[in-house]
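Some structures to go through are shown next.
Presented sequentially are two complexes of chain A, the first with chain B as partner and the second with chain C.
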Partner chain A sequence: MALDRKLAIIDLSTGKIETKVIPLDLRKKFLGGRALDAYLLYNHTKKGCDPLGPGNTLLISGGILTATCASATARTHFMAKSPLTGLLGSANMGGFFAPELAWAGFHHLVIKGKAKKPVYIYIHNGEIEIRDAAYLWGKTTTETQWAIREEMGDEEIKSCVIGPAGENLVTFANIMTGIKNAAGRTGMGCVMGSKNLKAVAVRGTMDVKIAHPVEALEFNKRFIEQITSAKVNQTQGVLGTPFIWGATNSWGGVRTRNFQYNQCEDSDDIEPERIDEICTETMGPHHMTGCFGCQVHCRAQYKIPSGLYAGKYDEGPEYTSLGAFGGEPDCKSAVTVLTGNHLVNQYGMDNLEIGSLIAWAMELYEKGILTSKQTDGLDLKFGNDEALLEMITRICYRKGWLADALADGGIPASEKIGKKSFDYLIQVKGMNNLHSDERGTPALALNSATASRGSDHLRSRPAIDLYHLPEKVLRRIYGNPVPYDGPLSSDHTEYKGKPWQVFWQENCYMAVDALGICKYHTVFLGATLPNFDDWPKVIYYNTGLEMTPQEIFEIAERSNMVERMFNLREGLTRDDLKKGDMLNHRYFDEPCRRGALDVVGAKIDKKKFMKMVDELYEFKGLDKKGIPKPETLKRLGLNKEPSHQL
Partner chain B sequence: MTIDADKLSGAESLRATRSYGKIRCHNPTCMERMVPEPGAKHAKCPTCAMEYRIYWVNSTLPRVRGPVWEVNRKLAEEKLAKMGGK
Partner chain C sequence: MDKVLAIEHEKCTGCRLCELVCSVKHDGVSNPARSRIRVMKWEAEGLYIPMACRQCDDAPCLNICPVKAISRDQELDFVRVDHDICIGCRSCVAICPFGAMGYNSIDSKVIKCDLCHGDPQCVRFCDVKAVNYVSTTQINLNKSREFAKKISVVSKEAEAL
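Let's look at the complex of A and B:
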């Protein structure tokens, strides 16, 4: 049974390994994946623990549906206290790791302590061992995965690994599996590096028993039909996620030159259609591939067509690489985007964070806040492709004063640079914003400011707000499974009704992350994709667990609240620019200068924004300071946390 | 609870609202629906004068690739000039 998958507690300091059954009542409260990880993090870390110390706990998990007959249950989730933000660290990746972990007998790993020397964890059909990784240290992400396969003589082993960036404690180092699947945000690779943990490798051949297999497969056919017939997924299957950057850039919703412009003009060479041409030229017409059990196939394969890295194979680029190595630094070359994407994949670094940081440094250089002495002579101006690529390598290896400062993250770097540099840093809670510009979209601005892991598009963004859907359609989506009869507006420049949409999406995404499925299979980019109404059937047929849509919504609310409690415990305060639910002043003070006619001049009205935060807090059951009300904690069964049930 | 296998979910019932062969103007206060000729490379919004380059994902699925840059820049600069900005 999927519900039989166990939890393992692995202490790298002592070498002690314990396996435990996950109690059914905890499953019913949190399901699995990110939701149960939130509970485990709150219970297995102490207030104020050093993110890079042995007291931090790293969680790795699959969702409750992982490796069942449900579609796209490929997601692996990671959680720990973030070395980048000092708050919640959480990241999620596709690929094949989590299903293999489930076949090896486990849904959750709780990794504590710190190894004395480099190690990796090997898990095989219920057995766990800690192995020497001295020979892996220094290797890139793909070299590491192949070296483990070679050592163990099994090409089917799936590993999640860190690259040199994680070893060098770059605070936004990620965890990778395969060529480009990355748990990118909040520096989970840095946490692995701090524990001297190079990789977790798994191989499993243990069946996951399905509760009602015939019904599960029959229903999954409907699920697949619903997903593959959606226009958004048909587009993803051709252009991948770059299509989102292209569409957003079209109307003026992407950050360019840090935050000076909201559109990357004349960007034809980095538009998704051009990237697709290069993929076709270098890999042939069938260059799109996918993760475990997914029919969308949004991942492109390519070879770099020219330049220093000509001929190197890689996958992607995703939306974020177009922003990071195209729009933000104003480098309008496909080769640069594909090369930057390749470097961060090999080094194991968050493309979003590094692209934002380099663009920020470019603006500081343009304004004379950074000098050429501080850049070690590098001409760090916008549009300098060579300087951009050089900075990626320097940051990974902490070469030079500026790269070393940036490797610590934006806020620590701003403290070293000084001279009002912080004013130009586009971040929330210490993590840089996506390469989207939300000045014309109040709902998305609210989502960026209030997401639990720092500015983020995958935690509460009502992306369908941009589609101008009729109010009756919005009401059918956002009025279920919890009744809502407040305002909803088709106009994405509006402020009214948006807090409810953000609240609903926050719970939708948490549920998806607890199930272990991909967000392209729910109401993220497509309004007609499965959500709360559909999930009881998938859960029941696959696991036998009976749940109503309302119960799933409440599980999501509970899990989001635990993340909030963790953040509050670690110092979150509502209006704190470094640790709160607040946006950089430029959102309120500097109007958009490009884009569609009526985007020009747009900025966020601070008074209305603050009112939206108030309303969102009200929906979440928080007081005006953003602290959970006692009755909310009681309703969600969280008034006795930490409860140490596992 | 009882699982009703045949009942359509909210998402499934909303599928009937999907439209094909159309694009929307990206200007937020306009959002006019446009139906480009099959295979067309350009479209101009009849309401607000924005102009777009079109890409066809398949024969029934057009998407806006991006604006016509010169038109986009001209309209933005005119608007900024009216606002007294740059």
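Let's look at the complex of A and C:
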């Protein structure tokens, strides 16, 4: 039974391992995955703990549906205090890790302390051991995974690992599994590195009992039809996420040259069709692959066609690699994008963060804020492909003054560089923004500013706002499962009604992360995809747990509130440019220079933006300062946190 | 009935949904260790190959079984195991050249594909059609047609020259 999957507390300082049953009432309050992780993080860390110290706690989890007969329950969630932002650290990845963890008997791992020397955790059918990882230290992400399989003599082992970047405490090092599945954001790999934890390897053959198998199977069939019938998923299945970058670029919604422009010109070589061509040439016509149990298969396979790394196999590139190694540094070569993607995958680094930071450094170099002495002679100008790729390796190994500074993350680097460098850092809460331009889309700007883990597009982005759906359709989506009769607008340049959409999406995505499924299986890019009304059935057939759509919405609200409480405890202040719900001044001061007619000249109206934040706070039950009202905490049953129930 | 599981591995995305639905259908649980179909992977090269029973005409498992627990289902033309007779000696596991006869240590039983008695769930759920349930003559016809297509293109091009 999914509900009998356990939680393990592993103390790397003492070697003590405890396994615990997850109480049903906690399941009913948080379901699992990211939602329960938020509760555990709030309860298992102390205010102001050093993100790189033994007092930080790393959480690894699957959702309540992980490894059940539901579609695409592949997601693994990671949470800790972030070494990049000093606030909530939270990242999610696909692949095959979480289901294997569930078959090994666990849904949640709570990893505390710090090992004296490099170790990895091996979990097999309910048994947990801490093993020596000296021989793995220094290895890349894939080398590490294959080496563990060889050592244990089991090709079916699934591991989540760090690469050299995590070992070198690059603050945006990620955790990876397989070739390219990455828990990319907020430096969770850096936390693993700080604990001397190279990998968590799992292997399981324990049954996950399905409460109502016949119904679960039939419902899953229907679910898959709903998911694969969405045009957006069909396109993802052919072109992957590059198609989003291409489409967004065509109307001027991406960021280039560190947000100086909103469209990449002469981009033929990095358009999705070109990437697809390379994938076809190097891997054949059937080059799309997928995560566990998923029929969207949005991940492309490729071999680098030429250059220093010619012939190397990898997967992707995603939207973020096109933005990070194409648009932002203005390097418009497919080989550069594919190589950059390969390097970060091997090193274990967040492509989004590193691409943004290098583009930022390029603008500083262009403006004379950074000198060639500081770049160690590297000609760090926009469009210099070699310099871009060289910087990726330098940052991973902290080679040279600038790379070492950038490896600490944007805000600490801006303090070292000084002058006006911070003004050009496109970040929220210390984390860089996705390479998209939200100046023409207030709803998306609000999402970037208020997302719980720093600027982010996967926490509350109402992406379907760009589809100009009729108000009737918007009401059907956003008026459920809790009633809403305020304004809703089909116009993406509008401000009114958007805070509710952001609030609704925030809860939708939290529910998805608690279930352990992928966001392509909900109202993220497709309006017809499953949401609150569909989930009670899939939960019931698979786990036997009875829930209403309203209860799931409330669980999401509760969990989002715990994340808010964590951030507030660690110093979030509403309008603080470094630790608040605030955007870089370019959003308000500099209009878009390129793109479609409704994009050129667009910028965010600060007054209206502040009003949107007020409204969003109101929906969330926060006061004007962004602090939860006592009645909100009471309503959500959070007035006694930390409650240390687990 | 003359239908078999025909696997076109180049289409496989490696998602392993076939393994999941196989175990849910047969055992009411999710557990690939119980699946009759298994996706073999070479992740470092991006190669995935689903493997399942071929329902051999001259089946080594059937021939070697010392207690005649393995027989051919006349109606659906597949090789079946009678668990009431099976003594669990695993000779069939050892002799199957495809590794298609599995042993499930949870229930101490050999396991193999029974084509879900005519409605294989792996086929039903495989959206990319890497696993198909087709008649043996159809496989051969499809292949002939595919190759003939190539010849026809070449000959048309030759005519044009």
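Note that the second predicted complex is superposed on the first by the 646 of 646 C-alpha atoms of A that agree within 3 Å, B and C clash if a C-alpha of one lies under 4 Å from a C-alpha of the other, contacts with A are read in each partner's own complex, and residues count from 1 in each chain.
In this text, a contact is a pair of C-beta atoms (placed from the backbone, for glycine too) under 8 Å apart; a residue touches a chain by one contact, two chains touch by 3 or more.
Keep in mind the model is a prediction, meaning the values are calculated, not measured.
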Partners on chain A (chain B, chain C) - clash or fit: fit
A:529 touches, of chain B and chain C: first, second, both or neither? first
First (chain B), second (chain C), both or neither touched by A:518: neither
Partner chain(s) touched by A:582 [first = chain B, second = chain C, both, neither]: neither
Touched partner set for A:247, first chain B, second chain C, both or neither: first
More chain A residues in contact [chain B versus chain C]: B
From chain A, separation angle of chain B and chain C (C-alpha centres, steps of 10 degrees): 80
First (chain B), second (chain C), both or neither touched by A:597: first
Touching partner for A:315 - first (chain B), second (chain C), both, neither: second
Least Cα gap, in Å, left between chain B and chain C after the two complexes are fitted on chain A: 15
Residues on chain A engaged by chain B in the complex (per definition of touch): 215, 218-219, 222, 226, 229-231, 234-235, 238-239, 243, 246-247, 249-251, 263, 265-268, 271, 273, 440, 467-468, 473, 476-477, 480, 491-493, 523, 527-531, 533-534, 536-537, 540-541, 546-548, 591, 593-601
Of all residues in chain B, those that touch chain A in their complex: 1, 3, 5, 9-15, 17-18, 20, 24-31, 48-50, 52, 55, 57-58, 61, 63-67, 69, 72-73, 75-76, 79-80, 83, 85-86
Contacting residues of chain A [partner chain C, same complex]: 67-69, 96, 103, 142, 146, 155, 178-179, 205-210, 213, 216-217, 220-221, 224, 228, 283-284, 286-295, 297, 301, 313, 315
Touching residues (chain side chain C, partner chain A) in the complex: 10-17, 20-21, 24-25, 27-34, 41, 43-46, 48, 105-106, 121, 124-125, 127-128
